[in-house]
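What follows is subunit A paired twice: with subunit B in the first complex and subunit C in the second.
And then the complex of A and B:
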């Protein structure tokens, strides 16, 4: 709640609570009300929806892979989604959110599956660090391809290059409406996979004894990840580290059970993302840092700490 | 395919303010003596011999190409790359890459090999990117193989071969432009044309300034919105700021450092510019109407409806070519002055 308020009130100019309320109660067409209605409300909604989606997707991935280093950005899911969007725009000429969100899903699914398959090769299966390494490699490769595509046509992709860093200002209010059904479906699938994720957490033996049912649960969770991360990327670009770090913060509050972990992640992640966005507005004034840059800077040390704490790395 | 944009349009978030020896306006610099005893001009810290004019010139970017024509050395052009807007008519009449020289690279940046194949003995560039290792090579590298070079001093990098991210704290005055044209004239052996050109430019600007004495100065934002996304404003370290001020306006983003800076939409609302100017770019066939998409986008953005420039429909297109350092700057001042003060002209 505080984060949402902060996102509405703080910016290049601090806007009072009464002005924010007055935007709908007594519309007067003033600058402040226009800023609230057309700029701050959309970016706050994008922050809430993309943040929640990334937080839940991260928690799902960590549960699925029993890997503390998992997250849609670490496993190449975000990079795959971004490449999907760019391919959709450049090759298929898709220019609406409702169109490219499908490319985003396809990219997220292919990249995630590819990374998991790659890290499962060799001895020991998909260990946390191998998964992170494969994800990093995939992210670099996919990001390179994305850059190459955008360099081929700078004019068309100028807006993309902005989006690609991860900003909450890229989408407008109608786009959020289009995104909602996907996010709702993703949330529903996430809720349905809670039991399977809890079972996976109990270890391989338990997982094996549950057999078939667990496979269905895994598929449900994976589908939820694709929907949530894919929509978040299509909305706000491949924002780094929110999906990785937020589940850890949530877990500290709720313990390992997914029944509470997922909703806490869904609430905490928007707080983190909106805080990053507000920070980006304030620190660089009069210029503006995209939220994705702020989360990347703030998230990197967290990631290093995670890798170094072995106990945490094996969930 | 179009590669120059990242070098030129993409501004570093904040240009490093690094002092660079030898990179100030060269207008008043003393002549230095090159090894052979011939005089030379200093350009971005590089001594460029003046006295033995080049015979085969390669010019990169709009301002480089037009400077060569304006100084009367157009017949020596063997190659040219990039036009941001159509050439001025008087030069377009001489520009026949389809029939003869110069070999023209309209969109793809020519590789070093392609340019060397043209066997130029001199390269003039309007932007830093030409003289990087990714471009045609650093100026020292070119010099080693007997190719001289000249770069507009407003794009002097902090070190030879550096890209635009290392632009020095450059002098963006018109004097620096005059100094460049004078120096380049000496290098090309066309001192008389250079003097005439600079005199004419100074007269144009003086005429505008005398007309504008005591006038009420509107605040002006010069900006672009590539692809309809982020807003990028021209900051205090771009000649655009000089042009706005000479044309009787107040640069509303005067405190934003660098050439181009990304700002949020809220910042534009807060600054309340009276006038918004959009430089149209980029291509040999892109006139001022190339900015129409950006103008329409700004006008239809409900968040911006109260910005004075948009409310009063004072949002104008100019060409990118005229607001980059070069032979068009004086006319750019006159052109913008007409837009800012229509009652005076």
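And then the complex of A and C:
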């Protein structure tokens, strides 16, 4: 709640609580009310939905792979979604969110599946190191291709460079309506996969003895990741480290069970993302740092701390 | 010593390819020159017009030499890092050194509007600072390969987002200039860019070969290396410092050209069929790769040209995926 209020109230124009309330209770068309209606509210809603999606997607990925370093950005899912969107803009001339989101899904799904498949080949399966390496390699590759495409056409480059930093401002309110069904489906699938994820957490032997239903559970969770991360990237750009860090915070509060972990991640992630967004507005006034930049700068030390832990935790 | 002879032959062939590509690069362009003119100019003979002398000596030769020197520096740097970290994927582009150079360079282009020489030295500083930072952050009673790589991945994420932010604050044309630098390009390189790289390769190649002896001991693992009288950590630091200096100088001259540092040592090792170091061969293969790639980047879409880094990315990608799949399948990463 506090984060939502902060996002509504703080910015280039600090706006009073009563003005925000007045926007709904007795609209008078003042500048402050317009800012709230057309800028702050959509921005806050984008933050809440993209944040929740990333948080849940990260928690699902960490559960699926039993890997503390898993996250949509680490596995190249974000980079894949970004390349998908750029392909959509430059090759197919798609300029609406409703069109982008499909490219974003396709890119996220292909990149995520490719990276996971590569890293699970061979001895030991998808260990944290192999996963992170494969993801970094894929990110380098997909990012290079994205740069190549954007350099060939300055208009694509111009739309892309803004979207690519992970800002909550690019979207307008109608976009949320388009995104909502995808997010809801993703959330439903995530909820359905809770039992499978808990079974996976018990270890490979136990999971194997539970058999067939587990395979379906894994597929459900993977589909949920694609829907959630793909939508979040299409909404707000490739925001780094929210999907990686938030599940760790949530796990500290709830313990390992997914029944509570997923909802906590869904609530915590928007708080983190909105806090980053507000911080970016305050720090760089009168300009602003986009939320994705704040989370990357703040999240990287967290990632490094995870890496430095003695046993690179497998969950 | 059959491996050594093989290595010598492979290196020689790679160098010949590099020189052929260089000569081809000198003859081709919007102002084509027959090879006889090129040779006349290069040998300082009479009969060459001042115009062709200018085109060759001031425009094409620096660029062609830059391709060779930068390729050699990246190849050598990649070979060292891959062996020290014992992971074929640990090239400077992946562990974050390029990201540091890129962030510094884009800062100078966008905020300071600096000229090419300042940008190059800024990139150099950025790369070195990043390398030191990554090394210190991965220090925990010694540095293991995987921790170095993973810390590098985290740092890369942070620096690339700073770079993206800087690109966003600039007007679109400045930002595109910076983005072209970021993808790696040899266009418009002058002698001022080339000479530092040539010098660095000339000095650091012998240094690397000297240190290679300790690298062989490191291959056996820290404990055994210690038993053989090589203290692992100082040797590792010296080698990594050499590799970083090479990558930094090359990046300063040409931007972060992707995948040469990754691909050249892998190709070299396969051609030599040796599990060893193949440092000279890696440098030669890197030179040949980049000389050919830059020639292609200039001529494929002529008269327009691609940044060579775009080309190496597209060509390097399948190799990278294959390497990953293979390293994982056989259960080792080195």
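One rule holds in what follows: the second predicted complex is superposed on the first by the 309 of 315 C-alpha atoms of A that agree within 3 Å, B and C clash if a C-alpha of one lies under 4 Å from a C-alpha of the other, contacts with A are read in each partner's own complex, and residues count from 1 in each chain.
The definition used in the following text is that a contact is a pair of C-beta atoms (placed from the backbone, for glycine too) under 8 Å apart; a residue touches a chain by one contact, two chains touch by 3 or more.
From a predicted model like this one, the values you see are computed outputs, not experimental measurements.
When the two complexes are overlaid on subunit A, subunit B and subunit C occupy overlapping space and clash. When the two complexes are overlaid on their common chain A, residue A:192 makes contact with neither subunit B nor subunit C. In the superposed model, A:249 lies in contact with neither subunit B nor subunit C. Once the two complexes are laid over each other on the shared chain, residue contacts for A:281 go to subunit B alone; subunit C is not touched. When both complexes are overlaid on chain A, the residue A:151 reaches subunit B and subunit C alike.
Comparing subunit B with subunit C, the partner in contact with more residues of subunit A is C.
For the superposition on chain A, the stretches of subunit C under consideration are 8-16, 80-88, 116-124 or 134-142; the one running into subunit B is 116-124. In the superposition on chain A, the residues of subunit A contacting both subunit B and subunit C are 151, 154, 157-158, 161-162, 287. On the subunit A side of its complex with subunit C, the touching residues are 69, 73-74, 118-124, 129-130, 132-137, 140-141, 143-145, 147-148, 150-151, 154, 157-158, 161-162, 164-166, 240-241, 287, 289-290, 292-293, 296-297, 299-301, 303-304, 307-308, 312. For subunit B in complex with subunit A, the touching residues are 1-3, 5-6, 13-14, 226-230, 253, 255-256, 261-267, 269-270, 282, 301-306. Residues 11-13, 29-31, 34-35, 37-39, 151-163, 169-170, 281, 284-288 of subunit A are the ones touching subunit B in the complex. Across the complex, subunit C meets subunit A through its residues 87, 89, 93-94, 137-138, 140, 146-147, 149-151, 153-158, 160-162, 164-165, 167-169, 172, 175-176, 179-180, 182-183, 258, 306-307, 309-310, 313-314, 316-317, 320-321, 324-325, 328-331, 333.
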